[in-house]
Each structure stands twice: as C-alpha cells, then as structure tokens.
Amino acid sequence: MTPAFARRPPAVPLTGVVPPLCTPLTDGGEVAAEGLEALVERMLTAGVSGVFVLGSTGEAAFLDDARRATALRAAVAAVDGRVPVLAGALDMTTARVIAHAEAAAQAGASALVATAPFYTRTHPAEIANHFRRIRAAVPLPLFAYDIPVAVHTKLPPAVVLELAGDGTLAGLKDSSGDDGALRRLLVELRTRGLLDRFSVLTGSELAVDGALLAGAHGVVPGLGNVDPDGYVRLCTLARAGRWSEAAAEQDRLAALFALVDAGPPEVMGRNSSAVGAFKAALHLLGVIGSPATAPPQIPLDTAAVKTVRRLLEEAGLL
Amino acid sequence: MTPAFARRPPAVPLTGVVPPLCTPLTDGGEVAAEGLEALVERMLTAGVSGVFVLGSTGEAAFLDDARRATALRAAVAAVDGRVPVLAGALDMTTARVIAHAEAAAQAGASALVATAPFYTRTHPAEIANHFRRIRAAVPLPLFAYDIPVAVHTKLPPAVVLELAGDGTLAGLKDSSGDDGALRRLLVELRTRGLLDRFSVLTGSELAVDGALLAGAHGVVPGLGNVDPDGYVRLCTLARAGRWSEAAAEQDRLAALFALVDAGPPEVMGRNSSAVGAFKAALHLLGVIGSPATAPPQIPLDTAAVKTVRRLLEEAGLL
Amino acid sequence: MTPAFARRPPAVPLTGVVPPLCTPLTDGGEVAAEGLEALVERMLTAGVSGVFVLGSTGEAAFLDDARRATALRAAVAAVDGRVPVLAGALDMTTARVIAHAEAAAQAGASALVATAPFYTRTHPAEIANHFRRIRAAVPLPLFAYDIPVAVHTKLPPAVVLELAGDGTLAGLKDSSGDDGALRRLLVELRTRGLLDRFSVLTGSELAVDGALLAGAHGVVPGLGNVDPDGYVRLCTLARAGRWSEAAAEQDRLAALFALVDAGPPEVMGRNSSAVGAFKAALHLLGVIGSPATAPPQIPLDTAAVKTVRRLLEEAGLL
Amino acid sequence: MTPAFARRPPAVPLTGVVPPLCTPLTDGGEVAAEGLEALVERMLTAGVSGVFVLGSTGEAAFLDDARRATALRAAVAAVDGRVPVLAGALDMTTARVIAHAEAAAQAGASALVATAPFYTRTHPAEIANHFRRIRAAVPLPLFAYDIPVAVHTKLPPAVVLELAGDGTLAGLKDSSGDDGALRRLLVELRTRGLLDRFSVLTGSELAVDGALLAGAHGVVPGLGNVDPDGYVRLCTLARAGRWSEAAAEQDRLAALFALVDAGPPEVMGRNSSAVGAFKAALHLLGVIGSPATAPPQIPLDTAAVKTVRRLLEEAGLL
C-alpha cells in the first residue's frame, strides 16, 4: 500500500525559517483542515524550509489526541513532501511522549520535537535518559525543545552537548530566551565540530538577526504564521551578510510582534492573547475561516481585534 | 450487563485519610496489578476513607494512557466499592483532561481530580472555565488539585470559592503548602456556609494536625502509602480533640518523611527520590513485588535503600 | 555614664507574641516617635513577650540609616527594658549587616535579626559563613530571618540546624510559609535536644495554632500591630491546651487579615497594601497620628481605608 | 576650594564599552586602591568610554558604606576626568538609594545607576515613583539597572519608556538577559525619537554583537575587566559594520566567559565563582595584588585557579 504521505527528512543542518504552525479551528473547536492547508500553502509560498506542527503556538497543549492526529495528518498532506514536517510530541514524561511520537511517525512526520519532562521534577541525568529513550523508541530525527516558560526548567547545556555529541539529538529549538547561554552553546558545538550535523533553531523571534549572526541555523517564529515573508527575507539577508538590512527587517517584525499583547492581561492569559492575535490576524488576512482558539482560552474582544487590524496595517500586511 | 465494578460516591464532605496510591510497577515497567491490590488492601485495613489513584505520587505523569487505565481498573476492582476511588485526570488543558476524565468514569472512578492548566499560561477566568467544562462533560464529583510545584501557578482562592459556591467543584486537594491561604479559604468557606458540602483535603502531610485544627476535612498523604495507620490514628485523635497526641503522631510521621530525601539531589530528581523511597519501603515491607519507578526516573541506589530500611525501623514499621 | 536604655535579654527560649512593629511616620516621612511610643505601649499592655523593630513590617527596607536609628532608639526608650527588643539588621550581605548590627547594639537592642544574603546569589556554606561572621562581630543573640518572599532563597534547614547546634543562632523567625519544612525542623531540633535553647518563632500569622501545636515557641505577627490582644489570647489558649478555642481565635484573626488586600493589586504593591492597611488601622484606632507609609509606596485610597474600617468593625476593634 | 576630582559627564548617548569595575580588595578585606588604579588604567588604555563603579561585579552588595566610598573615590581619582564614572547606588528602596546617590555625587561620580526596589514587593507605579524621587534628589544623570537575577522583578518596559520620555532616566543598563524585550524597547524608543538622548547599554556580555546590531549603544561587560581590548574591538568592528568579525570576537569572548564557572556550584555560589574568577584572572595577569573577594564568599580553590589560568592562556591573554 502506498502511504498517504510523502516524508521529507530535514536537511542537515536544518536552516532558514521553520514556522510553528497555528492549528486553525472551527467555531465548534474542531481542527479546520482547510484553514491548515491554506496556512501551509502561505508558508511554502513564502519559502520556509520546514514547518513545525503541534508546538506551543499550534495549541498542542489544548488538543486531545484525536485532534492532534487530525492536525498533523492534514499538515503532512498539505505539505506533501515539499519541506520536512517537524511534529511536537508534547507531554509530561517519557512514556507519554513516546506514544505521541509513534503517532506522529505514523502520521508522516519527518522529525520529532520534545521537551524535557514537566509537571514532575527531574534531574539532568533523567532528562538525558528521557531523550535517549524517545530516540530509541521512534526512528525519526529528534529535536529538543527548550522552553522554560512552559516546562519550568532550562535544558542544561551540558545535557544538550552530550546528546548532540552521541547523536541522540538532531537539533535544538531554543525558546529559552537565554541568548547568552545559546551563544556559549554555539561556540562549544563549533569547537566540538558538531555544528554541521546538529541544527540550532532559535525561537527568540525578536532577536533572529543576532542569533543568526551568532551561528544559529534558523528560526521557529510564531509570528511567522502572520508574516512568513518577513522572516524569510530576514534569513536571506543574514545569509548574504547584509546585516543592517536584516536588522531593519527584524525591527519591523518586532513592531508587529506587539500583536501578542492585543488582549490585555487583566482579562485573558498571555497564551490566549498571543495565539489569539496570530489567529485573528490570519482571519483578517483571509487565510483561515475562524479565529477561534481552543477552550478554556478566552477569545479576543472587539477592541483587541481592532488592535490586530491596526498592527497589520502598520506592517503593510493589510 | 452488570458493570465490573461497584462505584461508591464520596461522602459529603469527604473526611479522613485518602492516600494517593503509588502505582506498583514490574521491573519491566508494566502496572503490577497484584501489588496494587495488596496496597489497596493495606489501605482499607488501616481504615482510609477513600483512595486517590493516578495522582502525582501515583506517577500519573509517567504512565501512558493504557497504563493509566490498567492501574485505575485494578484499583477500582480491588477496592470493590468499599470506599470511593478518586481518579486523577492529569493533563495540560481542558480537552485532554476531559478525555482522561471520561476514561476514568468508564473505569469506575467515583470522583475526578484535576489541576489548573499547565504548560501553557492562563488567566483566572480561563482556569474557572477549565473546571466548568470538565464538570459539564463528565458527571462525576470534581476535585480541584492545587499543586503549584507541578503546575507552577497557585489556584486563585477567588476561583475556588466561586466554583465551590456554584457547585462546579466538590472539593479541593490543597498541595500548595500555603497554609496561610488555606486558612483564609477555610474561614471564607465557613462564612459562606459551604464547608458542609465542599471537601477540603490537605496534601501538606507534615502539618495535618494544624490543617484539621483549622477545619480541613481530611488529608491526602503520599506517606500514607507507607504508614496508613499513622495517618488514620492522627485523624482519629484530631476528631476526638486529643490534639497533643495528634501532634505527637504527626511528629513521628514527620521524622519518617525523611524517606523522601533518601536519594541525594546530586544524583536523582526530587520525585524519583520521594516516590522511589515510598516504593522501596513498600517493597521492604513486602507489600509490592518490585520497587521499580517509571522511566526516566533513576532508581534508588543501595545506600538509599539502606536509609529507607533504617527509617522504617526507627518508625517501628520494620 | 549611665546608658539611656535598659537592655533586657530575650528569654531562652523566647515564647509568646513578638510583634514586628510598624514604624509610624509623619506625613513628611520622618519617624513619628510619639506614635511609636503609643504603639509600644499598646503592645506591652496586651502582654507581648518582646517586640521586633526594623523588620519587613517596620519598613526597614524603606528607612535610611538615620531613620532606622531614630526608630530603634525610640522603641528601646519606650520599651524601657520591660521586654526584649529584637532589632532587624537587614541588608544585602555580611559587612553591611554587621554595620547595622553594631548600630543596633549601640542603640540598645536586646537581640539581632538577620536574613541570608540577598541581591547576590550565594551557597549554603556562604550563608552559614555569613551568620557566623555577624555573630562573631556583635555580641548579641542572633536570630535568623527566613523570608524567601523578600530574599528569594529559602534558608536551608541543614544550615539552621548546624548554626543552632553550635550556638551561632539563638533562634529563627520563620516567614517562609513552608510549614512542612518547619515541622521537620522542629522535630529535628527536638531530637537533637536543642528546643530548650533555640527559639522558633513563626511568621505565618494565619496558622499560629498549628505552629504552636507543632512545637513552635512563639509568633511574630504583622497583624499583631492591629490586634495584639488576639494573638496573646491565641498563645495563652494554646499554652493551656485549649486548642479549639485557639483555632477559633486564629479564625477571627484570619478574617481580619483581609486587611492586607485593602489596596487592589492593580494600583499598588502588596507591601504598600499590607503595611498601609496596618497603619490605616492604627490611625483609625487612634494609636498613631498619620497612616503614612514610606516612599515610593502608594498610599491607600479612600475606598481602601473604608475597607480597613469595615474589617476593624467586623472584628470588634472599632 | 578646588574639588579633588574632575567630573566628566557621560556622552549623550553613551556608546562603547563601560566595564563594571571589579573592586580589588586586600587579603584583609579592605579596598585596594592601588589595584583599582591599575585596573582603571588598564581599562582606559584599552579605550573604554566610561567605567561603572559599585555595580554587581564591583561587589557593591558586599561593601559597607565606608568601603563603597573608598572605592568610588579611588576610581574617580584614577580616572581623573578622562571618561565618565558611573556609580552604582544599590540599595533596597528610595531613601536608602538616595543616601548612596548623594555620597556618590560628593565623591565625584558622573552619573548614577539604580535598580528598582528590591527585598520588598512593589508596583510599576511605585517603581516609577522611585526613580523620579532619586532623580529629583540628586542632580546627576540617572541610569536604570534592570537586573532581575538580583532584584527579582523585570523592569517593566512601559516604565522605562515613560521615564525615558520625561527625562527622568538618561539610560538603561539591561542585564535582564531578555533580548526580545530589549529589541521591542529599542524599536519603541526609536519610534518615539528617544534613541539620541537615552542610552541603552546591554549587560548581556555574550550577545553584544546582536545587541549592537539591534541598536544598543554600548555594553557593560563584567568580562571586560579581564579582556577590555576584546570588547573594545567588538564595538569598533560593529560600528564599522564588520559584523562577521564582530561575531568572531564575541565568540572568542564567549569561550573565555567559561571563567565564571571555574568554581563548581557544589562548593560555592555563582557570584563568588564569577567575580572570584575575574579577580583571579586579574591577579594572574598582574593587575591586582590579591584575588580576594568579600566575605562571606568562598574563595576559588587551586583547581579553579588552574582553570582560570588555562582559559586565559587559551584566549591568548597569558
């Protein structure tokens, strides 16, 4: 039987823009496959090097297993092998992550993305053990996802280096915001001759120029859902050594990033405001059919949507 | 068709000792149903008022859905309706929690226990929305689980009061360690006339005498796996107003609690040390067949097991 | 030359109520000696066993050295040897704390209260070194002040035990709110035979009944500024083993504690609300001439003062 | 009377390298004026644009008022008006900071550096009030010091923008490590036309190339004590738009930064390791006469000093 999907392995190293796709939902809370297809097409047209499905921006924390599977299958089908599809396997610890990883492999993912254990308290040796077991269980390239704002521990650089060196990890998505630690990691990876085969992607979407200058391979920008062209331009300029122009592009994107504060903290959470604004923007841009976010998140109110519209206009996107 | 289980609804309010059961595992990492039965029997013999399955002490964070189901079914069967079985439905957000809650209902749970959303950042109104949706989706009494060390937010007292008042929540398991906040909550619940129908269970297993004196209904002590008699005695003494004797019993249990530090922080996590020590104790006591904890946790080494043995001996349990 | 003050050493162990005195200020921001005298008299009339000057409730963080000295001298003079005067020596690290400690000794303090280093990051061995140096520099009994909300580290129990054992510390003021850790500490101090000479005072003013039941010697309640009689009653009932009545008194005080939330978090800090409410209460009760708090704190607004008045009335104090 | 010092106001904006000077101490713990002079000379020879005395790297938290004054006067005398001298006025809240600020003005400082209040919990409006009062009290340019690792709150960007706009603040030293927030701040300052008169100095010494690319004016690198030439080169290359070379220089400095981990976390604090290593390096380089750090910090052991030596050799400094 021919599989329903084409699986493209990630480039080694993986460079450029790998947006963490929003998961469009219907007003009823189901995965909107059509919206996801349109979103994927928008990304590929812009020239992204891959897509990251079921990450934090993709509301993976809010989707049950069925919806996760639906979203991933829809994305894989839409991408159709044109770029690699990285799939988040987000869960509390090893056995649960492996279950998601197996589902992702079956759904056609090209690579897996997993965090350190959360909810429970672990030790660096247990974190290393965690990634080794995931890698051993599912034969796909594995990216570590360092996101202390969600996981509440910073991935220890020594663990990353160890797992990069022994081939457990294919790369890192660094959303720690700790650019000093990232710099030291990059220097150490280079010293050890690992930068050719270990991909470092920054999730710090407001300092991409600096991260690329420091040697990071690419970026996983949530805002890339809204303005993929901007991030692709940024990476292209950086690759060409046109750093001042790259910085100017980053500045423009940083101004647009005010989107994430559209919903005031008095009335809604920081996640519902940020993802809500990305989705409101995609809705205003005509990419997706509904700006709905998953429960229990509070939707953006009219004033917030107005802010989103204004920011899109100021950025020249609307 | 007769269901395979007898479901006993929790008393209103639920008082006494409701131990968060360890989940015995085989050396191969599967749920050891036999060990679980022995553990349940040990609890019921001691006189507990209920059991809490699939909580943090039960390593729910480490068990995949199949193992969670196996553990819960085994516990329900072993309890056989003699006391209520509270089941943890631990997951990141609403839809995922509801999936676990539905599975728990089908497996015969008497009540559900859920935390606020984690991994993502929310707003108090979203937390309230979260519990309301879970309650609406699954017709079982719902207990909120306040455990900031895992969830990284303290459940806002105003949310608890609101959801206690409107009947969304049947009770609270307070593992926040914030006994000042708990006191203010108890005073406010009493003022509003809610203490008769809203159960407050403390998870602060080292200050149970104080919590009962303050009006809490019962306790959910991880250490109760090891010494259920001690906690039942403590509650009985407290109910009889014999506070000095209750305090002496609590002191004895506090000394025994040194178990949780059996594994030094240099070599293992705080969870693997604590749960590992509880299981090592149950193994030494002959209750369970293996002290195994779930991956990626590091097992206790020989020195740690020796410490466990010594503490059991000092406590007169071995 | 006769010194201007009588210095009464603290009882060993120090039991009962040791309120952390507010520092009354004039509208112009100077120490109001008259108000401080009235406050001291109110405390002594109620039957406190000591007073704690220049603590967090005393706004020591906001007072420059001259004002600290004025406040301490005024308190020492007003107390006039009737009870011991504990003086906070709050500063970032050792040399700075020693300077305050020397000034406090000269001003007539009976004992010193110091935190672990803050602002900088230290190691447990450095914290122990810190207390040893303070103790060696100034020949007054030294109490450790465990207040993670201010210092951002929890005083390690092993350090407290070590310094209690070797006589560096005379006692502990535990404002950590970690009643489980406090219980374990009390049990260990008793085991080592140290509870007769090492004073454990809880700063968890909403769980004093439980702390006394657990063996703590006394309490340092900020709310004691407003209702010293209540805390003295609570301690007297506890000492007499009348635990239910003690709990009822604690409940009443816990309801009154709503004072600290008089100022809403949207408009002012948690310190300015709490200390502001204590001072507003003392002003409404006619004890002090101005409710002023030190800059840059925002004063309570009219609505907040109204809340304070209502709570005082409900508590039967006005 | 002629003052004993020449005071040079900071450039507007202040660009380039402004190292936070270590405070050399004698083995007996006194300020080593000679070492400070040599250190200043080393900095000026390298071409720094200013020096920052009594910052975190300068161990201000460990120095009593007399030692702070000695250190500042020695630095001012050594600099002799050749560059501006920024002086830290580090203390818990407003009145205490103002006392240090007045002392610093008298000692010849060119500008002041102050953090938000710490130890106590405040509100953004109180933080703004704090800086306004300091500015009103002492007529020197005032820099805000954003250092959450010490102060435990991030300076709210809205407060910085407000105080930059109304002239309260002359600049910002950003040691928050939050380069995303810094980028948004820079973009907003530029939009408001404030970047010409408000100086933004990064304290993120491992991502200086990125910060300068983003529009920051300069850097305050603790490592600049050890390798001022490197940071001056980095800034010069950046100013010339030679970004790849700037990045290479930053890489070299990032490798050298491993100094801060010379002392293992098992035996000493992170501050005593970092500052201890900088001082050990300066001692090995012959700049200062003793590597002593202030009590209660633990000194580097022989192995740690060996690590320092190796890193200096690898960096070509020894």
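For clarity, chains are labelled A, B, C and D in written order, and residue numbers in each chain start from 1.
In the analysis below, a contact is a pair of C-beta atoms (placed from the backbone, for glycine too) under 8 Å apart; a residue touches a chain by one contact, two chains touch by 3 or more.
These numbers come from a predicted model, not from an experiment.
Shared contact partners of subunit B and subunit C are absent. When the contact pairs of B-C are matched by residue number against A-B, C-D or A-D, over half are shared only with A-D. Subunit C maps onto subunit D through a rotation of 180°, based on Cα atoms and reported in steps of 5. Between the Cα centres of subunit A and subunit B there is a gap of 35 Å. Averaged C-alpha coordinates put the centre of subunit A at 49 Å from the centre of subunit C. Shown for subunit C are the residues in touch with two or more other chains, of which there are none. If you check each pair of chains against the touch rule, the ones that pass are A-B, A-D, B-C, C-D. Of all residues in subunit C, only 177-180, 183-184, 186-187, 190-191, 204-207, 209-211, 213-215, 241, 243-244, 246-247, 250-251, 254-255, 257-258 touch subunit B in the complex they form.
Interface of subunit B with subunit A (complex): residues 29, 56, 61-65, 67, 90, 92-96, 98-99, 117-123, 125-127, 129-130, 133, 149-152, 265, 267-272, 294-298.
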